[in-house]
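As structure tokens, here come the structures.
There are two complexes below, and they share subunit A, which is joined by subunit B in the first and by subunit C in the second.
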Partner chain A sequence: MGLQLTNAQFNQVLARLSAKYAIYAPKNFPLEGRYSDTDMVRYDGITQVEDIVFERKSDMSAKEIVTPINETIMFFFNGQVQESKIPQKEILIFARACDINGFKRLDDIFLRNSETPDYYYQRRRNKIKFIAIECPSQGWDTCFCVSTQTNDTSDYALAVKSTGESLKIEIKDQEFAEYFADFAQNSTCQYQYQPVLENELKLTLPVINSQEVLTRLKNHPMWKEYNRRCVMCGSCTVNCPTCSCFTTYDVKFATDSETGAGERRRMAASCHVDGFTDMAGGHTFRTSAAERMRFKALHKVHDHKQRFGDNMCVGCGRCDDRCPEHISFSSMIQKMHTAVEQIKQELNHDSK
Partner chain B sequence: MTANNLLPINCEILAITKTTAIENLYRVRFPHVDKVHNGQFLQLSVPGFGECAISITDFSVEEQWLEFLIRKVGLVTNQIFNLNVGDYLPMRGPYGKGFQIANYEGKHLAIVAGGSGLAPVRSLIKHFHANPQDLKSFELLLGFKDTDNVIFKSEIAEWEKQFPVIVTVDNPSGAPDEKTGLVTQYVSGLKTIKQDMNSVEVVIVGPPRMMEFTAKEFIKNGVPPEKIWVSFERRMSCAVGKCGHCRIDEVYVCLEGPVFNYAATAHLFD
Partner chain C sequence: MNHDIDVKKLRVNCFRQSKVAGEFMIQLRVPGSLIKAKYLAVIQHIAETWGNGTFHIGTRQTLNAPGIKYKYVDEVNAYIQDYIKEIEIEACGIDMESNEAGYPTIGARNIVACIGNSHCIKGNVNTHELARKMEKEIFPSHYHMKMNIAGCPNDCSKAHFCDFGIIGLTIPEYMPERCIGCGRCATVCKKVATGVLELVNNKIEKDMCCCVGCGECVSACPSGAWAYSKQKFYRVMIGGRTGKQTPRMGKMFLNWVTEDVLIAVIKNWQSFSATILENKPLYLHGGHLIDKAGYHRFRELMLKDVKLNPEAMVAERIFWTETEYRSNINVKKPIA
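For the complex of A and B:
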């Protein structure tokens, strides 16, 4: 059982929800796009359905709400330290299956990678509930969420499908029923969230089944091509819903040096960008674009899985959408698969 | 909600000793010394400048202090060098897996350290110096750039009275009896490698290349890789397994290291 509300009716619901929740959704930012005269779709606070972009996949992922590109984590003053505060409100996020599954990967790192969850991630994550946005039946041309098995989700309170003038709504979390009470009588319809079941892009992920296969894949010539192509800008990682690396740094308020006032911040970091591994004495690891690509790619489809059980990549295709050099991660996955099968044949041959 | 463990706590500097031209030894009062293991590290802060990872070089549970050997190399360490006795040095930790004392007890132990790599193993050396009965035998092989860069000279002199210590320098000063050259040259002369390998343990700490070549030299001399322990150095930012800087494959150096069994790391690939 579902509901169908006009956009105007749903705006009444949003107004009621906004008393308790900060509501985020993909929103259009004119002329901020990758290329000239294009728009950028990224997450921001919204107050009405008309703010939400349903017809396009967002350029940026929803992770920015929980792990902002730049965030102050504590303040220093007079030898004392105080943590930064965040708004009290609960958080609702309109998100697609890939983004919701992306949060599961962020949870792996921030909540489960050691005995202690990350305080700054957890304080926002605890407040979040998702409103799933239903995708077009096959997603978009760069999506491969079916291949990564992240096309479906059950982690949502509400699910919506836009018809343009109205919204079809599934209420999964009954806590939200009260917000729709006015419409429960007259606006019912048959609606249940439908995941994408097939993408245009169909990939086979590499099955790396032994240490030897992994080592040979790391040394495979396939990575060399990226020395010529990748400019190590890190755009792909900034947009990726599952890239979570950051660097901590301090800022000192110069005018106030007497009191030692300043703050500590986190800033998004990228393994593609210079400086990521630099150490005192001039030691550094992975200087070439090829090595950095290999490091990222294997994290996405192997290393994270080794540690947490799920592949990191959720097949959203945003890295492909954003790369200024038109490097396609989906093609890279295909190349890894081909290389791995070739390596397995070689190994089979060697052992005979 | 868990507590915010990233906030540093203010720790008073109790003593500062100049060790070399660019290294100082700092002793600070630390309330949680009971949680500390040999070979672990902390994140030291200078508010407004940043944090950096520094190994514990010695500690006392009774007297509640930690010691750090800090090399002045940049933004934060420069600021630490401006601090005086009585000032506060904020820090958080301890972090990482250090050396497990029990793993070496009852064994023939050789420790090889290169340069300031001596700092993270110093408390381990001091432990066995104070408890010689806990080892079958003990040998130290220390390499430095030159005589001016030899750290903890007077302690080395004390250790030498109890067990064999080889000190070698890369650049000879011309002094009589001086040993020169890389530590790798001296591995085959160690008594430890002549023992039953079941009761041998080797610890190697220093610059990445020094550890690599020294480990290979021990393996060449018959020491199984499982008997070798190394301390990895990687760029770190969070020290708690979140920021990703220290990751190699599926391993986080700040969590599973910095001390690793050499055999267990053989497959890691930066």
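For the complex of A and C:
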């Protein structure tokens, strides 16, 4: 059983929810797109249904709410350190299945990658509940969430489907039923969250089953084209719901002060950008676009899986949407699959 | 054949004299250079019915059909009535009579424009929409004027080489909270523009003084830390010209003006021309007209009753740099 509320009715629910929750959703930022007179859709606090962009996939992912691009984590003053504060409210995020599954990957990295969970991630993450947004039946033309098996989710308190003038709502977490009590009698409908079951894009992910296959794939000529095509801007990592790399730097409030007053910030980093993981003495691990692309691609569809069991990539296709050079990661995955199968055949042949 | 043809009258009617006696080339205006593709059939019909079957893309982006015999001029003029009505009266909103007499004047030439931001990834403004607004201000007027509109400082449509060149600009807005400190905007600015950005402790500092307003920083940014300004701005280059006497590149008259200011300024062009030419619409290039007036007189007349926006800057003086056709100081006969 579900509910169907007009946008105005749902706005009453949002008003009530906002006493306890900071509510985030994909929102349109007019004229803030990459090109002149284009818009940007990214996450921000919302107060009404009309703020939410349902008809278009967001350019940026929901990760920005829990891992902001810039976050001050602590302040220093006179040799003392003080942790930064975050808002007290709980957090509700309108998100698609890819984004919700993306948070699972972020959890892998921030909470499960070492014995000590990441404090600054955890303090926000603990506050989050999701409102799943139902996607168009096949998603969008760059989506491949079915191929990455991240098309469905059960990690939501509420699920919604917009019809334009109204919302169909599934209340999964009964703690939220009270917010809808006024409408429970007269607004019922048959609605249950439906995941995307088929995308236009259908991929076969590479299965790298030995160190030898991995080594040969790393040295495969398929990567070379990215030296020519990729401009190493990092757009694909900034908007990826699963890229979690950050760097840390300090800001001194005044260079002439003896108090040492300042702050430490985290700032998103990108493996495509110069300076990433540079070492003392100036050593850089990967200098070419092709090496950086290979590093990222293997992380997305192999390395993470080796460590945590799931592929990192959630098939949202935002990297394809945002790449200024029209490099398609889904095409790259296909090329990797073809290359891996070819390598396996060569190895079979060699062993005979 | 009747050889008594008033070629000056025909030129005003947008028919250009051919070296073949009694033949002319019609030039259809395409203000802002973008029209529905269906109008190609109009020029094709003219070329194949009354012209010599060929089509010329005019250097000022007109649709030209050469080889039209004088006796067909009236038929062509009658045929283009609908085209003129749809383009000039309907699309540009010009208050003019629709009749079978063809173009009423050639004074203000066709407004040249690049494709602008309706297509181009570099474009800051919609050049066609602006051109249509400008067309309304300058056409039909017998006073001579060549206007070019470029969507960005790349100036593909050569705003630097016309009487009144308009270049679309942005003053990008920086959102440090979205900046990942990669410095790509600074690198790109240095490489393709003027190098006004610097990465200082992972955030960008900008020297607004030398910014050309291209918006490359916006499209270079991976994280959306730069956005085009909601307000669009324009640069105006004046007095550029080609020609046999003293060709020269135009110089900056206005920088960072808004569209409202631009329109208010261009509204003064006719009164400026009339004042300097003593109300006689002589055939004189705009650059020579500005020379005749002197820059300061030009500025005074063009900015009359114009309320400038706070960002606007106006040239104090102009130092023209003309090609030294007459002095030949830099060319010599090779020593044998």
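As a convention for this text, the second predicted complex is superposed on the first by the 350 of 352 C-alpha atoms of A that agree within 3 Å, B and C clash if a C-alpha of one lies under 4 Å from a C-alpha of the other, contacts with A are read in each partner's own complex, and residues count from 1 in each chain.
The rule is short, and it goes like this: contacts are C-beta pairs under 8 Å (C-beta built on N, C-alpha and C of every residue); 3 or more make two chains touch, one makes a residue touch a chain.
All of these numbers come straight from a predicted model, not from anything done at the bench.
Chemist: Let me test your reading of the model: by the given contact rule, A:H283 touches which partner, first (subunit B), second (subunit C), both or neither?
Modeler: A:H283: touches subunit B, not subunit C.
Chemist: If we overlay the two complexes on their shared chain A, which of subunit B and subunit C does A:V13 touch? Say first, second, both or neither.
Modeler: A:V13 sits against neither subunit B nor subunit C.
Chemist: One more residue to check, A:I109. First (subunit B), second (subunit C), both or neither?
Modeler: Only subunit B; A:I109 stays clear of subunit C.
Chemist: Where does A:V213 make contact in the superposed view: on subunit B (first), on subunit C (second), on both, or on neither?
Modeler: neither
Chemist: Is A:A269 in contact with subunit B, with subunit C, with both, or with neither (first, second, both, neither)?
Modeler: In the superposed model, A:A269 contacts both subunit B and subunit C.
Chemist: Residues of subunit A touched by subunit B versus by subunit C: which partner has the larger set?
Modeler: B
Chemist: With both complexes superposed on chain A, which partner does A:Y249 reach: first (subunit B), second (subunit C), both or neither?
Modeler: both
Chemist: Return first, second, both or neither, reflecting whether A:R34 touches subunit B, subunit C, both chains, or no partner chain.
Modeler: Only subunit C; A:R34 stays clear of subunit B.
Chemist: Determine where on subunit A the residues touched by subunit B overlap those touched by subunit C, and list them.
Modeler: Common to the two interfaces on subunit A: residues 247, 249, 251, 269.
Chemist: Flag every residue of subunit A that touches subunit C in the complex, lowest number first.
Modeler: 29-37, 40, 42, 59-60, 68-70, 233-235, 237-239, 247, 249, 251, 265, 267-270, 273-275, 322, 324
Chemist: Which stretch or stretches of subunit C touch subunit A in the complex?
Modeler: Residue positions touching the partner: 117, 121, 123-126, 170, 176-182, 184, 201-202, 215, 218-225, 227-228, 230.
Chemist: Tell me, which parts of subunit A touch subunit B in their complex?
Modeler: Interface residues on subunit A, with respect to subunit B: 73-74, 76, 79, 81, 83, 109-110, 113-114, 116-123, 126, 211, 214-215, 218, 244-253, 260-262, 264, 269, 271, 276-281, 283, 285-286, 291, 295, 298-299, 303-304, 306-307.
Chemist: What residues on subunit B touch subunit A, complex-wise?
Modeler: By the definition above, subunit B touches subunit A via 1-8, 10, 45-51, 71, 73-74, 88, 90, 207-208, 233-235, 237-238, 240-245, 247, 249-250, 252, 255, 267, 269-270.
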